[in-house]
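Next come the structures, one after another.
Note that subunit A is present in both complexes that follow, paired respectively with subunit B and with subunit C.
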Partner chain A sequence: MDSPVKEGTIETLTLWIVDDEPGLCLGAAKSLNEYVVTFSDLPERVGFSVTSFHTGEAFLEQVDLGVLPDILLLDHRMPGISGLEILEILSARNIKLMTIMITAYGTFEYAVQATKLGAFDFVPKPFTPRELRYSIEKAVRDLILTRKARQLETEKKKVRFEMISVVSHELKSPINAIEGYLDIMKAQRLGAGISEYAAMVDRCMVRINGMRKLIVDLMDLTRLESGQKVRHVQELDLVPIVKQSLESIGPDAAVKQLAITLDMPEAVMMTADPTELTMVCNNLLTNAVKYNIPEGSIFLTIQPTETRVMIQVRDTGIGLSDDDQKRLFQEFSRIKNEQTRDIEGSGLGLSILKKIADLYHGQVSVKSEFGQGSTFTVTLSRGN
Partner chain B sequence: MNQKLVLLVDDDKDFIEQQSINLTAMGYQVATAYSAAEAQDWLARQQPDLAIVDLMMENTDSGFVLSYHIKKQHPEIPVILVTAVTRETGMSFDLINSEEKQWIKADAVLPKPIRFEQLASEIRRLVN
Partner chain C sequence: MKKSVLLVDDEQDILDTLKIGLEPQFEVRTARSGKGCLEAVQMSRPDIIVMDVMMDHMSDGFDTAKTLKSNPETKNIPVILLTGVNDHYDYRSQADEAFYPRDKFLEKPVKPEVLIREMEALLSACSH
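Our next item is the complex of A and B:
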């Protein structure tokens, strides 16, 4: 039971019955062969392929060949080797099998012994088809959940590895750059005067700030993803937060002589965490400034409805090609072309934006034309 | 004295800045291009004595392709490919085995960060 199954299809598990009573084997097989297990809270649908063995020895022959079922129904009292002995053998060989004991023999000591040896459940004989199915459903549920847990573990490790690989790659570039400059300074390749090196010292500072921003953004992103961030969700007005964000980009916008036009109501009440809203506004506005042309424009629109609010930022900047738009929300993706060559960034801003929007059952979308400008639209639930 | 001319192609402006200084210190004249397209434009008008080309520029393998074109059009111009993509990321390029020599059209592949001495000796080897 290793690979995941497409929703809607019936997954077939192999089920072996080890019991010396042929009548019981037939009856059990009959009630299971056409049976499909479904769950109210899981999408999986499970059917069975049933095989019977009348002796423990016959069963062990298969085990010796390396063949194992997904589920085992095991009787205890058999002419040859007993159910408990089989459990002991499996345990000694470190073979983990989902085992349900079916037996008329029922002492407390036996049950304890069997449980210690790894039995999952007991269906005492005589049992009705319903009783058997009930126990098997429990077993199947356990198998499915165990598989899901294992898949999550593997996926987690994979994602962690990918993230760490990408981060080391992203950090290498600024580290190499700074080292290159220091090497030149050490060898004094531009002469003995320190003023010769002023430009490259500044450049090192820029790269260091870039690394710092990368780390900060990474922390924001992983905190959002892991749910580690403590949220201070409260009733608040979006408008002052937007105004504050505008103030913070003021200086950079002034340097480029950008004209900012606002279209927003007096107040927009919503239930939200102020830090998260600030991040959304800052993200949209800093991009609109960074990628804009000198003497360009920024149009900021806030449009509330009863239950949602739209925050839209349009710029007259360099815009994005269709190809670039597709890659936009990937982590660390940065659009590299002649126009963006000098623009610094971690490449995580839009990923963070999307993660925050998710918290508010929201969406992020972009419309852009290369050379004309871009419009980023974020809609969030007001939580009311 | 006839100074040798080195063409430097990379979209990383710090790398360009640094290697320009280093190559000048080694005694070479330096021309720079920030993209494969820019390099092609320049090559249409001039030829260098050696080209140093970054493998991956602007998120594609345009440097790789550029190197191929240079060797095709001007097989006498030595090309050094430089790359930040190394063994750690699971991809490695070097010309140790002949299989790679076949499809990587370059005379040498150097991993970043490039050591001054290593670059100097590679260029000396290839230009003479």
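Our next item is the complex of A and C:
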């Protein structure tokens, strides 16, 4: 029971019954063979493939061959080896099996012993199909939840490894570049005058700023993901925040001589954290500037409805190909081509944007045409 | 007469720093992609090429090297391929006979002195 199962399909677990009473085995098999377990709070659907063994020895033969079931239904009192002895053998061999003991009425000490040896549950005989199924359901639920927990652990480690790998890669590049420049300065390859190296020093600063931005963005992203960020959610007006953001990109937009057109109402009240909204606006607007052409345009539209607000930024920039659009929201994804080669960025901006949108039950989408420009649309809940 | 080298890397800073290191001894041209490399080679054949295996997050450099090696006009130009620890593949193991002994893999970051030494070794080997 290791690999994840597609939703909607029935997963079949192997269930072995070890009991010397053929009638009981037949009855139990009948109750379970066509039965499908479903849960109100889990998507999994589980069916069973049932095999019966009439002696503990026959069961152990299979175990010796390395074959094990997902669930074991085990009787205690059998002519040969007993249920408890089997539990002891499994325990000694460090074999962990989901085991439900079939008990005769009134055997408390036995139940305690069995539990200590790892049994999960008990079904007293004679049992009705309902009683059996109830116990099996508990066992299946436990198996599913254990598997999910294990998958989560593995997933967590994988994501951590990937993130650390990518960060180290992203940092290597500026570090190597700066080292290259420092080596040249040390060897005074351009002569003894310090002014000769001014351009290089500037380049080093640019690369250092890039590294700093990477770290800042990484922290923002991680804090958002882990819920560590303290939120200051309050009643506020979105419009002043947008205006602030426009002011901050003003200088860079002016350098490129970009024309900015606004379409927004007087005020848009909403329940939100001002820092988060600022990040959304800054993100959309800085991209619209960075990837724009000289003398290009930016169109910013704010459109509220009763319960939501749409923030849309359209640029006349270099645009994105269909392939690039698909990759866009992945962490550290940076679109690298002729036009974008010299554009600085951490590659985390859009991931951060998406995480923030999630906090507001919102969406982020992009429409773009390569060479023409892009339109990014963010919709957020106003929380009212 | 100075030998000519074509430096190919998607990072301008690397091109700028290596150029300064190589310029006293070599005539240096630069390109920023595999496409740029092939165009530059077409225009004027360099004596040696130094190229990053990965450019623009893809195996651009390695693929371009393979293209150069499979073209009878360019296969004899020695190529030094620069690899990084975080490359997608182990490019060294992917190089077939077309690559050796004329070509070499070096790991980044590479100091200009080391690069010059390797370049001169390759150039003198090729002239025989």
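By our rule, the second predicted complex is superposed on the first by the 376 of 384 C-alpha atoms of A that agree within 3 Å, B and C clash if a C-alpha of one lies under 4 Å from a C-alpha of the other, contacts with A are read in each partner's own complex, and residues count from 1 in each chain.
Following the convention adopted for this analysis, a contact is a pair of C-beta atoms (placed from the backbone, for glycine too) under 8 Å apart; a residue touches a chain by one contact, two chains touch by 3 or more.
Because the structure is a prediction, the values reported are computed rather than measured.
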When subunit B and subunit C are modelled together on subunit A, clash or fit = clash
Task = Please work out whether A:Glu338 is in contact with subunit B alone, subunit C alone, both, or neither, and reply first, second, both or neither.
result = both
Inquiry  = Touch test for A:Tyr181: subunit B only (first), subunit C only (second), both, or neither?
reply    = both
Message = Taking the stated contact definition, name every residue in subunit A that is touched by subunit B in one complex and by subunit C in the other, in rising order.
response = 165, 168-169, 172-173, 176-177, 179-181, 183-184, 189-190, 203, 207, 336-338, 341-342
Interfacial residue positions of subunit C with respect to subunit A in the complex = 10-14, 16-18, 20-21, 32-33, 56-57, 84-86, 108-109, 111-112
Message = If we count contacts the way the header does, which residues on subunit A are in touch with subunit C in the complex?
response = 165, 168-169, 172-173, 176-177, 179-181, 183-184, 189-190, 203, 207, 334, 336-338, 341-342
Message = Please output the residues of subunit A touching subunit B within their complex, sorted ascending.
response = 165, 168-169, 172-173, 176-177, 179-181, 183-184, 187, 189-190, 200, 203, 207, 336-338, 341-342
Request  = Can you check the complex and tell me which residues of subunit B touch subunit A?
outcome  = 11-15, 17-18, 21-22, 25, 34-35, 57-59, 84, 88-90, 112-113, 116
